[in-house]
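Have a look at these structures, which come just after this line.
In what comes next, chain A is part of two complexes: it sits with chain B in the first one and with chain C in the second one.
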Partner chain A sequence: MSSPKNEFIARVREVVGPRYVDTRTEELFGYSYDASFGCTKGTPVLPAVIVKPANKEEISKLMQLATAYRIPVVPRGAGSNNSGGTLPVDGCMVLETNRLNRILELDKRNLTVRVQPGVITGQLHRVVEAEGLFYPPDPASLDFCTIGGNLAECAGGPRGVKYGVTRDYVLQLEAVLADGTVIRTGTQTIKGVTGYDLTRLLVGSEGTLAIFTEALLRLIPLPQAHHTILAVYDDIRAAADSVGAIIAGGIVPACLEFMDRVLIKCVEEYAHIGLPTEAEAVLLLDLDGHPAAIADEALAVEKICRGLSVRDLHSAADEEQRQQLWAARRAAFPAIVRLRPNVLTEDVVVPRDKFADMVMQAQGIGEKYQLLVGMAGHAGDGNLHVEILTDENDEVEMARVQQAVLEILQTAVELNGTIAGEHGVGRLKAPYLGLEIKKEVMATMQAIKQALDPLGLLNPGKFI
Partner chain B sequence: MSSSNEAQVQATDDLLPEANRCSRCGACRTVCPVFQVEGTETSLARGKAQLYRGLRKGLLMPTKELRHLAGKCLLCRTCVTNCPSDIPVDQIVLDMRQELVHTMGIPVYKKLLFRGLEQGGSFYKLGRAAERFLRLPQRIFPGRVKKWLEVLPDLPASTFRAQLNLAAARGMLDREKGVLFSRAEKRAHRVAYFYGCANNYFYPQTGWDFLQVMRARQVEVVIPPQGCCGQPQLAAGVTAERQAARIKEAFAPLRVEAIVTDCASCGSALKQLFPGISLGAPVQDVTEFLTSIGLGRLPGLPGARRLTYHDPCHAKRYQGISSAPRELLRAVPGVELIEMASPDTCCGGSGSFSLEYSDLSEQIGRKKLEDILATGAEAVVTACPSCLMRITSLLRVEGVPVRAIHLLRILAEAYAGPGNPTGA
Partner chain C sequence: MSSPKNEFIARVREVVGPRYVDTRTEELFGYSYDASFGCTKGTPVLPAVIVKPANKEEISKLMQLATAYRIPVVPRGAGSNNSGGTLPVDGCMVLETNRLNRILELDKRNLTVRVQPGVITGQLHRVVEAEGLFYPPDPASLDFCTIGGNLAECAGGPRGVKYGVTRDYVLQLEAVLADGTVIRTGTQTIKGVTGYDLTRLLVGSEGTLAIFTEALLRLIPLPQAHHTILAVYDDIRAAADSVGAIIAGGIVPACLEFMDRVLIKCVEEYAHIGLPTEAEAVLLLDLDGHPAAIADEALAVEKICRGLSVRDLHSAADEEQRQQLWAARRAAFPAIVRLRPNVLTEDVVVPRDKFADMVMQAQGIGEKYQLLVGMAGHAGDGNLHVEILTDENDEVEMARVQQAVLEILQTAVELNGTIAGEHGVGRLKAPYLGLEIKKEVMATMQAIKQALDPLGLLNPGKFI
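Let's turn to the complex of A and B:
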């Protein structure tokens, strides 16, 4: 009865209270997945225990215990990541930070907001926007993903093209290290150079270096006005070329999204907003800022698109229609499983002048391996999501899928891009890291990991 | 929307491929009422799909714990309507319950309940006796029983059926071979009335309101002897074949325009069991029927009323009904309809869920209560006795002077006219 594991769990119960600890097999089953590909295959790995602490003190104590008992720890937010970043390892403790869900302070004079990791991204948007402020990072999962997960994945979204990603809005982090030490990185100020930039190091570290307990985020004023344009194309190349041309034309839209025929169809079937299901591709574009400037830019965009044989150009008539279009875009990934049982999303990024090449080559790879491939992307920042529609339980097809994945990633690297834009490396991408990251760089990263987490307890098997 | 309306009595299809299609995106986290209180993955749609996978693939054993988790779903279908991947989570949960009943049997108390619902009058008398005993003030009961007593309304002196029989004996209703008829002066329509267990045992007044409203609209109402609609059985993962056979026997021979019910839960069960006109006539919710024939002359209420409307899940997401009841309410002179924040959020009742998971049900209901109270309405109107029960109890515990009433009560009063308040 009193194995070290049981002893550990008993002490965990003392720290957070029995209500927030679960070891029932059935409940553990519910923490054996995230939104990544492959979760329905085989026998799921179960954690030993799920723990839901309430504050940093508890998290610190939990990490001290984990260190003492050598228990691996998997931090978890909403479990919406697509890279297997929260998949448990055998015997681990899943540490969910969702109870730390308060917006602590909105400082309107310094344009900052202090939040806990369990705050839902969309909720933060609503709160700051009600004050005329703006937190731009907008992963499509914003209705349910958490700031903690966003920080750990350095999440991006359609607005990345103009406003950057999570990393660009983090001033300060409070985090618990593997041994339970609580650190505070960064400064409250907009600039600061004292010491290594640990904030940037921790953002995007996928729960492998520390557990976030608080963040001070930078805000900007909310743009005055918006104008959303839907550009419809009969030719996928023309749509992809328009992306490069708009950027080269000196226009920086707030969002510039690309969807191919497969995606259009699935999204339309879910949302019924009148997308042109027979078109080969669409661009969904949002201009924001001063109304006069937007009007100018809209004309310029239309001109560029016309020059590239766009079929139709529509503008959202009102805010409601605009919201509808973007909500539909956000549903693209889950809506796509209407066609096949599962979807594997590749998340490559290439320099923007190579976006069209990436699209065409990905399409070619899909054809070569006889796979149904849909494409969507935050095209404006060169981020292409190649959605391979498949059945993860079909071994024969999966062999072809693996080949296709490898070629898509290789293509991205050849085009001077990266294999993971915003969905993280997690467990799924980890085997491919070598395609892009040189040995000596990897060694440097491993040295950092070794220094911060010598026992390798934090999220093992992920990232590096 | 998923297509359970066409589903057979027993949906034993293996839904594993459907469960596997769930992308585990997490969008259901934003809408699941159970998750919003519990915060656990297994209370969530994607967690249910995972449990189902575990059970079907033999990775999870049929345990009491699993049964408990499978039970922890309101079947409100909110996740289904919201799910971008169109996963029929309600069907998956039902199939899981069915499988668990298959391997583990039905819990004894449920067996008793189902048998009781079939027994009718004698079950009711037993209930009355138990109630009198339980409600004795000096008795101290475990918390659970106390919660039950909070949820259940006070039992009326006799069942609706008994009251109908008495009325027939006094010549107020006609009787032919056990079937009762509520005649209209000039008959314009003829429907059959399915009043359901909840009205029969708890809310006979709604039954009388139904008859009054129909009489005002020149609708002749045929009331055959009847039992349970099968909803509790279906929700528990038990076959409703016997209920279906009985209903068919009682209703199919009646030559009527429609089989009308004022219970959204009965309505959705009946529509599922008898799609189209397989019961001889279409099954309709009373709000659907009334909007189709129109309200006619409606004298109006004794005074102005500020009301808000709660959408029963079984009306909104199982039958697609949401505008009809509002249309009816707005048509009543004197009614001001104030919409609450999210009128179609589940009230947490979900039939026996409110007894089995009484604390959880109450906590889910609290959100509803907040929305109701925020409108400042003097009463919340709905069209399902199951919701009425849950909401009434919440209001009572909260000690606020807001009432929960069936839509038919408002209409009955409005037909009676300003000078004739009809009590209750």
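Let's turn to the complex of A and C:
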């Protein structure tokens, strides 16, 4: 029987070929969730169809069809976001861009790389690093997340403190608008002021304005050398205070990471690398650059930390030890998820000098609501990830979790910070956006959304 | 007699006080032009009124009045832009934000500074550098241009090659929209993904979307040391080729500047510092950072330049010599303006590996149209300023100038570059925007303009 929906799907099949269209319930089910936790309890919401186009021409045609049939479209890469940014709405088309997975051109003379959205971030790292170049954004999911998703979420990572985030490395974008129009934004050059900065408007827009089909990314020379320091503290506030003191001392480490006692213990039990499980907190720093520069900086860091009652300082003796320490940091999430059925990761950022306050208050909120809370964070840029361990089937506890989340976000805003640093707003945090974004600013964003996607087809039900 | 215009001006006087409102013809005349050349020949276009508000509340009220009376508004700082971005339209209100001229807070722990739009860029440099901090954007006009203007134009300068441009240093903006709504965009932190990136949408919008009333700027630690090298070439292409080779060699100088023979000669006659007036071109490089790092880089740069037939290499022996060399570079514009009544400065950017092609072709275009052309540029980021010397009263020559401009811009676009790197589009380049920006991209920009300023009151007749 021919319904408009069936007719739409038939025409979608003509565009991409039947092999790349899926409507089987078991497949649709796999797209009813993403890496987020906290917004999918209950009956799963299924898309009407999963489509995997091969190129921008197909994506343009798909968006023309979606416009003609008024079908909502949810763009998707690896689905590894933590904020429900790729959750479907009932009857939508999920448009997965992972077949556009080529590195098109690595330009060593201009320090740029042209990529398609389906390229895996970690793969891009390996390719450019083999040529002595460096693409700094390094979200924790880099082994499976895609550049398209990184662009949509404005992904960050530990290296944000020195090197900034995804938006700082995008020169040009090619993208398909809601009506199927293909636009190319920006310039191939660092400088370029011809018109509005559509590039950065689209970066971080979480799939609500356009679907990425290509990006020209800026690279920098790979740092010559690294020096990794583990600083161990008996006092959580001293650790957090050291962060602000290091930066105020004119030292900007490539990474400056924080872990509290809960996470230290978890990671050590998981990875067995000799972390001090009785410590209250550790800082893990990476200094990079010229060997002489980082040697001077290491001395300065040690002096600052000793002035703030550090218990122990360990420098990685060689690259193997260095990799081991960083593997420990990366193990934080896989280690902690083993403790309880679910982990809710909060992603707040505060000005660096408020990092200690944020940590202390988040700890207090966890205690107040009798929750098991672990904290890790990109302390150098004030980005704290509060991991709340819970079980979604324990409704009584979940009510306390919700209350704790609200208070953590409120605290971040009171400390002049933000409720979402690098994991997006998506569906998970949309209800809280009003804590931070004033109504006139939201109205401005809505006016832009309305101007570019008047039918509201692109990724509905998310932050906008 | 009470016309709507007189009524509007009377109400403007009530908002800011009569002292800060001017309608005298001789004053209005001073606002009929800006630092641009090439769009104001003929009878001057005068604004109806010049208004100098004290704060955002007054600016908000002024925009409410402008909306009620449908009066176009031209925001203005120092008027030092080169692209006619602050030229008035007939009967408009010029809204000068220079009374908002305070540095509100320098935050050493968070590496930020909060400023009002009327702060002079050079003054900001001095204040933050006294604290060991660094605000890199350094437009040539830094002794008199304002931060508000830098935000509107996304100003750059020599340090763009290593440090980026204005957009890379803006964390938050406070701005007044066309209807008087005051919005605050962005976050105080490097990371922050709550909603669309309105901050970077407004940076570079040339006064067509909002009027800035405050900005939170990101700072970095001041580099420890500098090393300046002057490389002298007998062959203009060898000089230009050296630029790409240095960058491809993994060295990103803080500045990497180019001057051709015409400019070398002019500067030497003006400043008498011993530049090699018989050379075809010079490169002026500044390496900054840790002393050991820049010593290594200086050796590598010298080796690369020798491999490309450099004639001479001079390193500044001390800070005095270094300042002298940079004073020479800064003297390029004041030196060249003495040669002919008018100078038209083109501001194109090409990918670095096309810089030599751009230089050679611009030189050829100058010869073809029998024009005196000097070239200087921020070669490290591919930004070439072509200075066309002329006399606006010589109509025959001016016709050739117009043709040369068109060909220079076309060449930049053919070389995958942009027609406007850091001087804005404004009124001067609006007619050429179609060379670079495709109509669907322009339509996207127009949709945003329509959404945020539906009456088209803000800075009409410019690029949008």
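What we mean here is this: the second predicted complex is superposed on the first by the 461 of 464 C-alpha atoms of A that agree within 3 Å, B and C clash if a C-alpha of one lies under 4 Å from a C-alpha of the other, contacts with A are read in each partner's own complex, and residues count from 1 in each chain.
Please note the rule applied: contacts are C-beta pairs under 8 Å (C-beta built on N, C-alpha and C of every residue); 3 or more make two chains touch, one makes a residue touch a chain.
Keep in mind the model is a prediction, meaning the values are calculated, not measured.
Asks: Contact-wise, after the overlay, does A:H385 reach chain B, chain C, both or neither (first, second, both, neither)?
Replies: Neither chain B nor chain C is touched by A:H385.
Asks: In the superposed model, which partner reaches more residues of chain A, chain B or chain C?
Replies: Of chain B and chain C, the partner in contact with more residues of chain A is C.
Asks: Where does A:H227 make contact in the superposed view: on chain B (first), on chain C (second), on both, or on neither?
Replies: The answer is neither, since A:H227 touches no partner chain.
Asks: Just chain B (first), just chain C (second), both, or neither: which does A:I448 touch?
Replies: second
Asks: Regarding the shared-chain residue A:Y270, is it in contact with chain B (first), chain C (second), both, or neither?
Replies: It touches chain B, and chain C stays clear.
Asks: According to the stated criteria, A:S80 is in contact with first (chain B), second (chain C), both, or neither; which is it?
Replies: first
Asks: Kindly list the residues of chain A that each of chain B and chain C touches, one partner per complex.
Replies: none
Asks: Taking the touch rule as given, give the residues of chain C at its contact with chain A in the complex, in rising order.
Replies: The touching residues are 107-112, 132, 153-154, 156, 160-161, 164-165, 167-168, 177, 181-185, 187-198, 200-201, 203-205, 209, 220-222, 244, 247-248, 250-252, 289-293, 296, 349-353, 378, 381-383, 416-425, 433, 436-438, 440-445, 447-452, 463-464.
Asks: For a test of understanding, state which residues of chain A touch chain B in their complex under the given definition.
Replies: Per the stated touch rule, the residues are 22, 24-27, 29-36, 39-40, 43-44, 52, 78-80, 98-99, 141, 143-145, 270, 331, 333-335, 337-338, 341-343, 392-393.
Asks: Quick one: which bits of chain B touch chain A in the complex? Just the residue numbers, please.
Replies: Counting only chain B, the residues touching chain A are 17, 19-21, 23-27, 29-30, 39-42, 44, 46-47, 50-51, 53-54, 59-60, 63, 65-66, 69, 83-86.
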